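You will see chain A twice below: alongside chain B first, and alongside chain C after that.
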Partner chain A sequence: CSNHLPALFFFWLGVFLIIMERRGSAVNTPASRPVTRRSKSYGRSCVEAPSYFWQTPGHLAVLKIPNSRGTAKSQTITNKVDPEHIALLVKNEWKLSYITPLHHFRHTRLKSYSKHLSAFIVAEKQQGVAVEVGLEAGFKVTFSAVLGLAENDEDAETVFIQIQSKPVFAAVADAPKVVWRGWLTCVNGDLEYLRSLPPDFVSLPLFCTSGPESLTTLVKSWFERVFDCNFGCLALNSTTLNWLTALWTGCHPTCNIRHLKLAWSLPTQPPLDVSYTVNPQDAWELWNSIHPEESTDDRIDIQEVQSFINGLEAHFFRHFKIFLSAGTLVKVSTALGSAHVDGKIKIGNSDYITTLLTLLTECALLKMPA
Partner chain B sequence: MDAQVRSVLRRVIQRIPNKNIENLLKKWNCLSADQLCALDYTRPKWMIVEQVTSFCEENRLNLKHITNLEMIYHIENPDKGVWHACQLTEAQDDAVGVDLTQFKEQFKAHLHGVVRHISIKIKKHEDEAIWIRIAWGDNFSKPNHLKPTYVVHHLHTSYVFISNLMAKHKIFLCQALVIATKHGSIKDGHLSTRSLTAMRELLLRRYQQVTYPAMFTVTKHLFAGLFTDPCIGKEHSEHEEMRYQMSCEAFGHGPTPKLETAVYRLETRYRGNGNHTLSDREEFFRGVVRFSSSSLLDSLRHCVASGMAEGPVTPLLSAITQRGRNYFVITDKGPGVSSQASAQRA
Partner chain C sequence: MADLSNLAGLGSDPSGEIDSSASSANNRSLRLAEKEKRKGEADPFGLAVKYLSQVEAGTVVRGNDELERNMLVVETVALSKGLPSEVITVLLDLALSLNAGTGNCARVLKFLIPATVVPQEAIVKGVSWLCVGKMPMNAQVLFVRWVLTVFDLIDCKDNLRSIYGFIFSFVTEENLCPFICHLLYLLTMREHGELQPFLTQLLALYKVFRPDLVTLSLPSRVRTGFKNHNSTWKVALSAVQRKNKGAVLVDQSLSLDVKEKPSTRKRVRCHLSIPPLSSAFNSNSNKKVFCLQELRSFRELLENIHNIELPAQMGSLLGSALALHYLDCVQDESASLRLNFWLGHSLQEEFLLCPVDGSSDNTSEACRFLSTILFSQQFLQEGFSSTESFLYKFLSVWDGCLLRPQILDLLSDIPLMPSFYMHKLLFEPLKQLYFTSTVFFKCSIIECLNSMLIKWLTWHSVSALEGGLDISLNSNSTMTMTLSGFMDSVMELVRFVGLLASEGLRLENCHVLLLNQTLAFYETVCDMFLKYSLPLIIMPPAGVFYPALFATDSVSVDRLGYIMYRYRKNLTLAKKQEQQREQTFHISRNTYKEFNRNLQAMVNSMWNSWWCIPGSDIEIDKDLISLSKVAEPWCRFDLIHHPALFSYAIEFHQRCWPERKNVDLGSIKTGKYWNWYMEFLFNQGFDGLNNFIQTNTGHGSGLSSQDDRTKTL
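Our next item is the complex of A and B:
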């Protein structure tokens, strides 16, 4: 580390100057950045940072928890994205993780990544690393780019990974079965943050997986080795679930949400689960009384969201005298999708997928270790 | 033994863990001592099933014996399946005089009269419960022994517990019960649970809600002004005692019947906080609330005792134990709980 120190100091100084420039003015990336040799370890603070700046690059004060956000916008996503890809996203329940930026990831090298990962899985399996999928010998991995989900200029294109396997004694004509799916995405990622990343890094902070945990672990360790990144579990806190409750309810006029179902868990002995399914029209009228549809302001404030949730909890309280706030909001679901506090989501309707992914991308960026 | 009989036998044996099979077969008393000894309960289940089946064939057992075995299994394991409670009303003057023989005669006679093919078995258990097993057929087909309805009734009580009844047979069963018990009608009890034991505890033994023994109230002035902490502690302990007392009044003191869920269909006007536009609305703010837990009454009691629920306990919750039901439709029509006769089962 010591011989990198002067280089790193200039790097930090450069970043500091960039930030200083940005404050109070429009976002404006300087044309040149100090080019220095950086250590490959992004995100791992083994470097001595100047004392007034104890944070990793790109993660400076730019990331704030927003107090307001735009209303859910519907768009026929199939105009922008291949409907087959969308069908895959809408089908499963996904487990969420966040990933730190990937070093030297190239969208042009997807084919070689496919081969590399498949060889890795087979090698790990031969070493005796438990892979529960059975007597499979062949694993076929496919990396593909899902174009069109990216929203702003800095979003990297989504990458979809599919692992298929073929049982050892299967006939040649047997189609291989898909045993695992995952995708990395960045939708409406924070512009300042993304622009502040060093050029060799690509940020696809949201990782969604569906399939056996053993394969997920293998894929993650491959990524960690090849792209020098870190993974972490992305649990959704109650604020995020509250946002989704309000955003989804607000969609009712344009897209029937069918029901608004909220589930709480109260810490009694034994634990008590309370689920409250509200008629969608009534839920919408409550939301509309707090945030009128006609209001010219296209943004929703966190206060309004809180008011909405409080209203539902208060109506519940009047009947049952139970403080739902003594428990945790665990799951929210409508026809547009569902989200669980453990970091599991299901996408019900592709028209609002952008809103959901924007929120989740933001969660992933915020959750990343500083 | 035909295929159906073998299926019934197989199903019964497959459901029981190996260690309990021996007891059941002994109670059944249809296999000889030698045969019972020959069975090896450490073998895989399918082998045991085959062995038992072959013994039954040897002994030339028929449908009656096998359905008997199934009944014994259900009586010994009452907490399987989903049970619904019904309540008999409008008892006639001679209802108290009905005895078991009369009940059996009337019940069977009625059902045999209205359903062409039907198989009914009635057994009285030691705890005074009458167990009825009904395999339903129709004008064209023989009784289906793979989907029998089970009914449990204690004579001279007004409750009947039913499991696995199809909608199309409901009318026949209800008529038969009403006639055989000399009542005017029968209605939905709005209580369903997996545990028949819990259901019976709640409804029949009128689940004892022991009032919490009166506590001595510690005289406040002893510690007044001396230490802040003991006072605060004492203040809190008073509230705690009060909460605990309220929770016991509503849900009882000792172990509670193991209910799993309670469902409330809300059709009341919006009563949120300070939202005037919505509070003025005439329409209802509709929703369905579902409470679930591995032991619902324990959870609710803890909720009240710990302060997560504000006392006094709302009649909506205490109605579970007071009125012995777990499905409610709450409307604005009047105070407390109102029910609708046509409300669905939970």
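Our next item is the complex of A and C:
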């Protein structure tokens, strides 16, 4: 699957860009008689008045992958967010999914969601036996809001879900064990997109999970039934990984990244996996030669990112005579975190969490069905 | 029961004695008895029912021949014609009161086949007999099973629903339980959802109506639901109903199935199932609302249309025709977004993000899914916007092969759009596919674009009729496009097809099928003004016109004749309107010129046997033609020698001069033969050519001579 993604991405990009060029010149011949296209609300046209841009080719351009973004800045997130919550996010490896906007989701009803999801899980586990909502049994689900992660006015607050289970033969004193964790978030979501949603939708496009797949499936299907939303895998393409490589390396002077580990997979027979670890200081010096630290502009351009990666690849070629560019970048990891092409991430340092989540929110929004 | 009837022989029976004494009477009394009997025969059924209604508690049953005889009469009628509703009431009461004994109770229930409907009161009374508790268990079971069988025929169910609690109390009877549950399943409505959860199937329904109260999932193994215990009744009932056809028809085509999700043995990545209908989680249970899965008929939909609640998952609406009726009137913007999110997500995950590996089971699933979307779109006469934007993306990665019929059908549902987008999103990818595919694919593309054009034009003519009505219909989702913008789009589409067709015909050596598909498209194009009141007339390009004019099959030539005839009609009307009312639109001079040139070419070659069209773009060097050594090249394409009509000329010649050895087709042109030939030709069904020749040369069958001047515009 991962091999198909980059190609598709480029194709999307291509379409959007082309259309953007000509947005201003849409057909606008003087009217002799206005013709209205009869349309019911479900049949909104893709080329209609631009209120819903993910359905409007001219506006899809807004969702194109940005060519530049701000440098990663350290911020003491624990000033904004409860440190206990942050601790939960930092510990695990998360599997990423995207979700379409949730219908009728209310942050004020998290308690009742907890009850219903736990009843749902119990019911699914013991097929055929009805479960009365509200009774304690086997699983305990807790929904909680992680306040403070949101960056702009339109971002919905992050929701954290924890599932605890008490083994059947556990002693009374035994504490229930946490078996599954997941959270839905939106950090620096595209403003125009979020504003275009009707008020009864909440967009939390990024869903991170950690725990058995069976529970993930159950949680997803509960969400799908209750909030009429849909989930899909969120794989990270190489452009995203390249961005992370550059952004994290750029942090080295302020926060020791300890190592820059990159993994490539080369399409040879049998496939060749290349693991490439770069001394953090060397990596930073290379990056600094491309994007000088003292430059007044604190934005990074995609070309700079590309030449940084090219530099790393060229260095590898000089030593091993292998073109890494012929393969796919599979994984990036530093002390600040790691990201895998399959859509798995780890957060190493909470101070840079906003940069990472902004990037991932953007990837998730790009997957929204048009 | 068999033992009982054996025993019955031992008992003394007064009515039996009367019978035997009557049979031993003399001849005269015998005749009288006969007469009496015949009188009774006038309505033996009525008498029998009357008798049965008067059977009282404590009547002797064993050996009671009169009872037996009357039973038999009613039984025969019941099984052949069915019983009227009032008789059902009488008999049910007789059976359940046990007045005619336990054996007869079962017997009566077994032949209790309604002819039309079952009165609700009879059932309610039946339930009250059940509460008395006198009936043996098997009779109780039989009664409830009977109710289940005739459930759809009960005239009204409100009283039955009001004794829901009584019926519910029987679930504790072990033997009755499954049937009672089934009955409750049929009776349960939202307001009953407050009751304590008890049994699985019933609970499944509770769950559908009140997902916030009960959480339950059923293993796929036990999802069979309620068994059909009542097949013998069902057979008898359907036989009677078929006989009384039309009297009572349970309309099942519209009813909604409360479907549990299909067996979950599926691929892990499956995005192609339509979710089952169920109530929204947040539904307000205090408000009097009707949920879609409760609807059974179109009438119910109409009566409750103002308080119908949208389902938890909008995608579930696509599962049933009744729900689609409702979707047609939904004005809720969020609802449409939910539907489009779901649909867009399903299509994207299945076809764009996880490319199909070509496994057959997957394709059939995808095919079913797309067909459902198609059905819904055709039902609503409008495409979903998520399908539309999916198609734009999918076209660039489509191999032109996967699910071709469905994709092309979906494509033809694409609504009108500004001409600029058409190029980027539609024409570019289609062009690539078209020129790299077989002639049959080319045909389907042209066909698809033809049906797209027809839909656009139909939309235009409807909206032109309705005037400005649509603007107020839904202000936030009405696209305003100027008439000239609309015409630009249509023009682009027609031009695009013109290009595809002329290049395609060249590449495929004027393939007959492709030519006909192209002409079908131009049949739509030539009538845009008259049929769809769009003041736009576009002539076919030379690459389409000449292949059709010189086609070797008569169908194409005839079609071209029809098309030219319609063009003339449209242009004449346009000209007239322009002169009369000084319309703001006008058809460009060039269009008239183009038409006249085509007309001249056609009339000259077919009618006047001239070759050269002065000032036309097809002047062929004389010397070049003479190289071909064809004799009299100028008349090779007239109505006699045209390759498409040649065989008809030969046949005509043979009929006129059967004795001639040397075929001289030239002789057809002389005198009355020409008129006869015309008549002969038009009798072969060439209406298009007939119309063409009549309007353009003034030649009705046998009206004037052949050297009429072409009537150009």
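In this section, the second predicted complex is superposed on the first by the 300 of 370 C-alpha atoms of A that agree within 3 Å, B and C clash if a C-alpha of one lies under 4 Å from a C-alpha of the other, contacts with A are read in each partner's own complex, and residues count from 1 in each chain.
The rule is short, and it goes like this: a contact is a pair of C-beta atoms (placed from the backbone, for glycine too) under 8 Å apart; a residue touches a chain by one contact, two chains touch by 3 or more.
None of these values were measured; they are calculated from a predicted model.
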Checklist line | When both partners are placed on the shared chain, which of chain B and chain C touches more of chain A | finding: C
Notebook entry, point to check: After superposition on the shared chain, which partner residues are touched by A:T239: those of chain B (first), chain C (second), both, or neither?
Noted result: neither
Next item on the list: Report for A:T71: first if it touches chain B alone, second if chain C alone, otherwise both or neither.
Entry: neither
Next item on the list: Identify the partner contact of A:E285: answer first if only chain B is touched, second if only chain C is, both if each is, neither if none is.
Entry: first
Next item on the list: Mind working out whether A:F316 is in touch with chain B, chain C, both or neither, as first, second, both or neither?
Entry: first
Notebook entry, point to check: Now for A:P101: first (chain B), second (chain C), both, or neither, which partner does it touch?
Noted result: second
Check: Thinking of the overlay built on chain A, is A:T277 touched by chain B (first), by chain C (second), by both, or by neither?
Finding: first
Check: What residues on chain C touch chain A, complex-wise?
Finding: 197, 200, 203, 207, 211-219, 222, 271, 275, 278, 280-282, 312-315, 327-328, 330-349, 352-355, 380, 382-386, 388-390, 392-393, 396-397, 415-421, 424-425, 459-460, 462-464, 466, 468, 470-471, 473-474, 476-486, 488-489, 584-585
Checklist line | Residues of chain A that touch chain B when the two form their complex | finding: 266, 268-279, 282, 285-286, 289-290, 310-312, 314-323, 326-327
Notebook entry, point to check: Along chain B, where are the residues that touch chain A in the complex?
Noted result: 264, 266, 268, 270-273, 275, 277-278, 281, 283-296, 298-300, 302-303, 306-311, 313-314, 316-317, 330
Check: Inside the complex, what are the residues of chain A that reach chain C?
Finding: 1, 4-5, 8, 11-12, 15, 18-19, 22, 25-49, 51-52, 55, 57, 100-101, 103-104, 116, 119-120, 122-124, 127-133, 197-198, 200-201, 224-230, 232-233, 367-370
